[in-house]
Amino acid sequence: MNKRKFQDKLIEYIFMLNGVIVVAALIAIFLLLLKNALPAFKEIRVVEFLFSARWNPTSYYEETYGILAMVVSTFMVTIGALVIAIPLGIGTAAYLSDVASPRVREIAKPVVEILAGIPSVVIGFLGIVLVGPAIAKLTGQYNGLNAINGSVLLAIMALPTIVSLSEDALSSVPKVFGEASLALGANPWQTLLRVKIPAASSGILAACMLGMGRAIGETMTVLMATGNAPAMPAALTDSIRTMTATVAIELGEVAYDTTHYYALFAIGLVLFVITFVINMISDIVLQNYKKKTSY
Amino acid sequence: MKKLSILFFLALAILFSSGIASAEMLQIKGSDTLINLVQRLAEVYMQKNPGKEIAITGGGSGTGIAALINKKCDIANASRGMQQKEVASANAVGVNPTRIAVAMDGLSVIVNGNNKVAQLTVDQLGKIFRGEVRNWSELGGANMPITLYGRQSNSGTYVFFMEEVLKGDYSSKMKQMNGNAQIVEAIKADPSGISYVGVGYVKKADGVAVVMVARNANSVYASPLNAADVDNGVYPIARPLNQYVDGTPTGDVKDFLTFELSPEGQAIVEEEGFFPLPKEYQDFNKKAGL
Amino acid sequence: MDKRKFQQKLGFMVLRACMLVIVLILIVIFTDIVTKGIGKISWSFLTQAPRNGMTEGGIFPAIVGTFYVTMITALFAIPLGMGCAIYLNEYAPDGKRTRIIRMAIRNLSGVPSIVYGLFGVALFVNMMKFGTGILSAGCTLGLMTLPWTVTASEEALKAVPRSYREGALALGASKWQSIRTNVLPYAVPGMLTGTILGVSRAAGETAPILFTGAAFFLPGLPKTITDQFMALPYHLYIMATQHHDIVGVRPIAYGTALVLITLVFLMNLTGIIIRYRLRQLKKD
């Protein structure tokens, strides 16, 4: 009997080890990024790194490592993407949860999932051959490799996250909320707008934040479709270069263990921290939401 | 389900067991200007020498040189010379880069086919790409803003052009394209665009015009499409395309390099749109025993 | 018409339009790639190596490379993902430990793919000296797919009715015996397909393999697991941006894109069908 108990406990620990590895992986990513990023600051001043807009590791005169322009660029395409994806995503989520018949839903949900499964490099490719030229024509530019192109493509990438998580939030609003509203004489549209969406708002907010995290971290689409000019962007029609694209372009060229190499890890660290914070905030928002709606 | 997992592990077993019989493969890495040329050379070489295998990776000259320093490749393709800093960090890890020139390239400045500006001096080019001259009207062209296209910083062409023409930093407004071909496409579509690419890329391209370039206002304007002008140095922005190896080339590396420099190899160089090595660089290569 | 009714009609129309836009996006993507890529698809395109400066021939090495890497990814992510899911769903009480593990999983799924690439270079390529090759790339992707495999496995475990476990426990079985005999047999098919589906998403990733092993061109297939490899998504990236004749090889790029999305589409379809069946199982 004792032996059996021991065996049982041992097996539990083996499974627990898997969980521990997952946690350790996250910590390892952070620590390795930190370890490879810190040496950069022996030669680069932190203030310069964060607030200078000049990133030029191959300068004719003196190497400069300022990430401000690429941070601004990253947020510029991300916000552009969210402006497109949030209304579209929430609208679709509301349609799926409140308007569509069960049969339509069975067909429509896989559509969203397939969209989520399209590799980013394919989206980037379409940005070059399809979306870019169309945007060039619409905006009267000669070249469509710019921030608008990036925003449109990132919107496509962020949409599935926003739709499926918002839909989850909407359909987990307790049924009694809707029923009470309908009983009071409101029609389904008013119920959706005034009762359900407000009740699900924190869940929807979390969905949008995760969509934002997705857009910030996306690499291939922006690398291929935004033109990669390292200047501080002034307009949506400017070519921009994001943090992710900079790492993708330059990591291949650096000699290991040089300031430039470390600086790229520092960018990685900044990216990691940004997405981590976004995740944590949406996590907290979601936890509160679950507490509020659990009966 | 059982069948699926059996299949899965069978495939894995094959993958791992096949690992025992491994052959040494020659690794070549670097410049995108050189990659298509070297890939063609390698293809023909491998056809002639069954059993010899060469893997080729692009990513830019900086990538290749970094790989040589990190001991990740046997031959680094570089469309520029190694910088002192790079030589120093190579020496620091016990790598002694030896340079071999394999072909000549006239770096072509290209504009849209409809652009009336047909000739520029090196000084004017510098001003354009540093962002000091911003409108075509200042250069005798139409009144429209200049749009700059260039390569990314991992490109040897980027560095060579910066050191030889700009002698300063690029305007940060320059769009940084992934490869030479993407530049040609962009210039075709953009009447206000200007950029620079290896001559191999413009020989077949239509819709773009190659600008004649002069060393200064008093010298002759020459075209990179003219082989003689590139060879004798009249065309001001010509450069040798290099390969770097660690130490003096031996064995398979030497064998492949010898093939590249043979008349047959140099014929492929011409087919791919570049120029065969002039005497000056043939002599230079002799120092490396080739 | 009643104003309220009109509002509702208009509102629902807008929502329906949102859905239609998404459907339209998907249709545009698929028709563009299918119509322009289908002409390139042939037996020889799928089974031959690129030739003549990659302007002719097929994409066989890229297909094989992607297959190999995905295998390593599976080998890395499936056991770990399943184990973690079993712990979370069967053992761990809803407490601090589970919360931390779940939080880690959610955060891992939010880490940008290029950061995984950086991590792969630092850990597998440099620290563990795997070099750039299938092994490094596979491990990097494996780590990236962990959150997906855990979630998929948990879904399958949750589909097994509580009563199965309780029945075994009531008969005096130990926890592990109950899991082994009354949970896993029902859950494993779902877990496997779910995780394979999760892993298959790794097949489409480019950023994590850029610096951990993907090659522009290789003369033959990889021979060992530390060899470099060609991969479908990376091949598409090159064909679209870096090849010396991007317009000339555009059909090849479209063909590659078609093969890639077909792969993803088939995997997704399998997953959807499996999940549908699982739901039926739960209903019984």
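Letters A, B and C name the chains as they come in the text, with residue numbers starting at 1 for each one.
Here is the rule we use: a contact is a pair of C-beta atoms (placed from the backbone, for glycine too) under 8 Å apart; a residue touches a chain by one contact, two chains touch by 3 or more.
Quantities reported herein were computed from a predicted structural model and do not represent experimental measurements.
Common neighbours of chain A and chain B (chains touching each): C.
A comparison of the A-C and B-C interfaces places the larger number of contacting C-beta pairs at A-C. Set against the C-alpha centre of chain C, every other chain centre is closer than that of B. For the pair chain B and chain C, the distance between mean C-alpha positions equals 36 Å. Centroids of chain A and chain C (each the mean of its C-alpha atoms) stand 17 Å apart. The set of chain B residues that touch two or more partner chains comprises 59, 177-178.
Among the residues of chain A, those touching two or more other chains are numbered 224, 252, 256. Each of the following residues of chain C touches two or more other chains: 241. Contact residues on chain B toward chain A in their complex (touch as defined above): 59-60, 62-63, 65-66, 69-70, 86, 89, 147, 152-154, 158-159, 162-163, 166-169, 171-178, 186, 189-193.
Note for the complex: chain C touches chain B at residues 51-54, 67-68, 71, 74-75, 131-132, 188-189, 192, 215-220, 223-225, 227-228, 238, 241-247. Contact residues on chain C toward chain A in their complex (touch as defined above): 4-5, 7-8, 11-12, 14-19, 21-23, 25-26, 28-29, 32-33, 79-80, 82-84, 86-88, 90-92, 97, 100-101, 103-108, 110-119, 121-123, 126-127, 143, 146, 150, 174-176, 201, 204-207, 210-211, 233-234, 236-237, 240-241, 250, 253, 257, 260-261, 264-265, 267-268, 272. Within the complex, the chain B residues that touch chain C are 1, 4-5, 8, 11-12, 15-16, 18-19, 21-23, 25, 27, 32, 35-36, 39-40, 42-43, 46, 53-59, 72, 177-182, 185, 200-201, 204.
Only residues 54, 56-61, 69, 133, 136, 142-143, 145, 223-224, 227-232, 238-239, 241, 249-250, 252-256, 258 of chain A touch chain B when the two sit together in their complex.
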